[in-house]
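Below you'll find a set of structures to go through.
Two complexes follow with subunit A in common, the first pairing it with subunit B and the second with subunit C.
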Partner chain A sequence: MKGRGWLTAAIVAGVLYWSALGTGFSLPELSENLPAIGEFFRKLFPSDGKPWPTDALPEITKRLIETFRIAISASLFGSLLALPLPLIASRTLAGKTLYTFGRAVLNLVRSVPDLVLATLLAASFGIGPMAGFLALLVFSFGVVGKLLCDSVETIDPGPMEAIAAAGGTRFQQAFCAVFPQVGPDFLAYTLYSFEINVRAASVLGVVGAGGIGMVLQSSLSLMKYTQVGLVILITFGVVFLIDSFSTWLRGRLV
Partner chain B sequence: MRAWRVFYTLLVVALVGWSLGGIQNSAPPNTKEIGEIIRQMFFPPKLSYLPDVLTGIRESIQIAALGTAIAAVLALPFGVLAARNLARLAALPFVGKLLLNAIRTFPEILLAIAFIKSVGPGPFAGVLAIAIHSIGMIGKLYAERIETVDKGALEALAATGASQLEIFRNGIVPEVLPDFLSFALYRFDLNVRSASVLGLVGAGGVGTLLQIQRLGGNWPEIGVIVIAIVVTVLLVDFFSAKLRAKLA
Partner chain C sequence: MSDAVRVGEPLVVFKDVGVTYPNGHQALKNVSLSFAPGEFVAVVGLSGAGKSTLIRCINRLVTPTTGSLQVNGVELVGLDDAGLRRVRSRVGMIFQNYNLVRRKSVLKNVLDGRLAHLPTWKTLLGLYPKEDIALAKASLARVGISEKESVRADQLSGGQQQRVAIARALSQQPMILLADEPVASLDPPTAHQVMRDLRNLAREENLLTLINLHFIDMAQEYADRVIGLRAGELVYDGPAKGMEEADFERIYNRKIRPDDLRGAVE
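Up next is the complex of A and B:
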């Protein structure tokens, strides 16, 4: 055991050394750059008694609202689309071949990072919230679908068997015995995907997919750093509040 | 009860209607064009571009590995601070958890942009962004794990006259270490995914290529990049789950 511990440590050390070489990361380099990092964060705040750039507030509010619209509709429609997934991707309701296929598709969908998807969609649909909406829709579909299928696999099989014994079809089993049992779970997963989507939607704009990230991107390229600071503070504050509220609500659901 | 249900349903429907109303693009999507884009991306995949993409993937994995390792170390004091059973002051775990939540909520893309603007574009900024952002989740998992440590063993150690440090080193560390490694490994998994997109804002890795090809509208190259990212994410996911099962 002791020998294996050392071996693992040696492998980890080797991988980290290799990574440090590949990324040009070193402690001297870091300490050399620390002042520049501090300087950047200082620039985000107004200095010499200058005020915050409040003239940007209408645009910020508009894009912030767009962020929520993207997150809300993507989470809801993604989750609704995921609702029939247990029929093809849960061991409880699907046959073995269908199950393997369904799970493979779900894994594939979930493995595409949302920003990659948003980038592609923005490039093909054009700049705007539509790309963000579709990217997060796919994300919600994947994550809610997976969690819902996992949930369906752990239900009490009694009611299902009773319906089957009475001659009920697979669909009747699904609607009368399975879905009622996972209802609260489904709501909790929808909320969970909403939390992640609010966070994601607030940065999607940096690849042109709508939301508050668009203001961030334009203020950055115009080098209006206090405006960047204001956007970050407002976004972060609001996202934090929504996140906490949603977590609290989820706790009450389960 | 029933009336409330109707009310909530209507509320949700209204919210969604309002939300959908805000999602319009200036130009309607052209379905024919999208079919053509997909054909160019994947049929057939442009394999001659693969070597370049693999170099990018390697850099993404390096960014993720180093970032995760730094976060796993930096998260230790946060985990100890936020654990309820180690606290001398009741307020400390509360502050610790709030701090960790704040770190976790701050999007790593924003961190990456901040580091790029201060230290310049490249993988160095990516490592920093991932290292800082990951502290939030790893620290929270550490704290929750420390909170489940068997109290009896700690009291037994204290009864033998062990100092606080000795109790920590002999009572807590051996018990939580395998799980801590497992958390770091799990986060590495997520970070490989992040490190493959950070390049979109200039923080190194395979995302850098995606950004370049996107601006040029080179769909065959983009197709290979997407395939490589998906395969990498799936593979890392698979091996990390295997390793974690062994650790448990």
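Up next is the complex of A and C:
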């Protein structure tokens, strides 16, 4: 390693140490509390031959379906709203001034964490799935918009030129030459945002924004630990299945 | 622009046209030319001589920085967007790389030639008038690939794709056909076939056709008139028949080499 390499390594090590200090992380504390974590995990499972709290299943199912519906609707509407974004936020279709403005808006939208947004929305719209739906819609809009604009910037410009030469408008160039080229990308991004939304929708309930997280939150505060365990297990299984299916579908698109 | 070609008048008139690109490169210098309806013209010169710039001025994909350029009596320099689209709607263009939307069907690609006549909302809904669809199908029939209309464009060979592009240009019902190195990506037999097709179509439709060609033997074989450019200047303008070695050397600024020739069909 040359001098510069050592300098980089020293800086990285320094930053690591400084940030670890801030987290209050300590190995002795970790080993001391490890048994407590184990104890908590044991409480999540029924002991002494007691059954799982199956009476909670209807509520769990209802909230799981709600989670699913939040994720689907937020991903679909968010992605659809993002569809015209390349007209103002891609170098291919937008003029320089418009492009700078469009990208700035897009970056602003993506800089708000979805949980923060969900908390704010739950405070203004009231507790319930509406706040979760809106928060994830904004997230899908931002992430699909960004990826779509990047895709549009890598297309073959030849067909656009051909439509311009035939007297087509800028909008016709976008609709007839650009969008057909990014169609599969768009579907893949919509699915990708859906996968993230399913996971996000599962914790949204913790801030009161609807979905399975609502059950998790209430079971925790009532100290019904086996119910917490059941919610976690079911959520884990369902999210895993949806995630795998969506990833498989995306693989077939590209 | 009136829809009819004006009788007895030149169709395209370049008057002292110059093009200087933003990077300072002077691609055309004081070019004055005029073309009549039905002429079949080859534009030859080394790469970078300004061939592409010259024909792209005619549909203003490139805007002249000096001089004046009229198409069927309409001045292109300073023309507004709507006027420009109206001129472009009657000027077909063919490209070296075909410029088809690869994921769309052949028929959809040909219909792109009708977009200038389609309002935005109908474009969004894909509502092409019956006459446009009939015209697109007729154009495909004229280039002999009707049976491919519902095939995706990227499933076709290079020669077939170039024919789809020609059909797209024909569906515009053009009065001028521009072709920028239309056969440069094709093998020799296909290249000759495409050149023959273009010449026949131009004759049947009385189309003014301007074709950029790298190969001078092809220019001589198919064109009525040859325009020679060197470093942005017009150095030859005359009939294709009877061009001499010296004329070519003036255009190329050197002796003719075997790679300047495409070769005849075996």
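Basically, the second predicted complex is superposed on the first by the 252 of 254 C-alpha atoms of A that agree within 3 Å, B and C clash if a C-alpha of one lies under 4 Å from a C-alpha of the other, contacts with A are read in each partner's own complex, and residues count from 1 in each chain.
Criterion: contacts are C-beta pairs under 8 Å (C-beta built on N, C-alpha and C of every residue); 3 or more make two chains touch, one makes a residue touch a chain.
Keep in mind the model is a prediction, meaning the values are calculated, not measured.
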Legend entry - Contacts of A:183 with subunit B and subunit C, given as first, second, both or neither: second
Inset, instruction - Based on the superposed arrangement, let me know which partner A:16 touches: subunit B (first), subunit C (second), both, or neither? - result: first
Inset, instruction - Determine, under the contact definition given at the top, whether A:52 touches first (subunit B), second (subunit C), both, or neither. - result: neither
Inset, instruction - Answer with first, second, both or neither: which of subunit B and subunit C does A:171 touch in the superposed model? - result: second
Inset, instruction - Applying the touch criterion given at the start, work out whether A:101 contacts subunit B, subunit C, both or neither, answering first, second, both or neither. - result: neither
Legend entry - subunit B or subunit C, by number of subunit A residues touched: B
Inset, instruction - Would you please give the residues of subunit A that touch subunit B in one complex and also touch subunit C in the other complex? - result: none
Inset, instruction - Using the touch rule from the top, collect the residues of subunit A that touch subunit B in their complex. - result: 12, 15-16, 18-20, 22-25, 29-30, 33, 36-37, 39-41, 65-66, 68-70, 72-73, 76-77, 107-108, 111-113, 115-116, 119-120, 123-131, 133, 199, 202-203, 206-207, 210, 216, 220, 232, 236, 239-240, 243-244
Legend entry - Residues of subunit C touching subunit A in the complex: 59, 61, 85-89, 91-93, 95, 97-104, 112-113, 115-116, 118, 120, 123-124, 165, 168-169, 172, 178
Legend entry - Of all residues in subunit A, those that touch subunit C in their complex: 156, 158-159, 161-169, 171-172, 175-177, 180-181, 183
Legend entry - subunit A-touching residues of subunit B, taken from the complex the two chains share: 12, 15-16, 18-27, 29, 33-34, 37, 58-59, 61-63, 65-66, 69, 101-102, 105-107, 109-110, 113-115, 117-119, 122-124, 126-128, 193-194, 196-197, 200-201, 204, 207, 210-211, 214, 217, 222, 226, 229-230, 233-234, 237
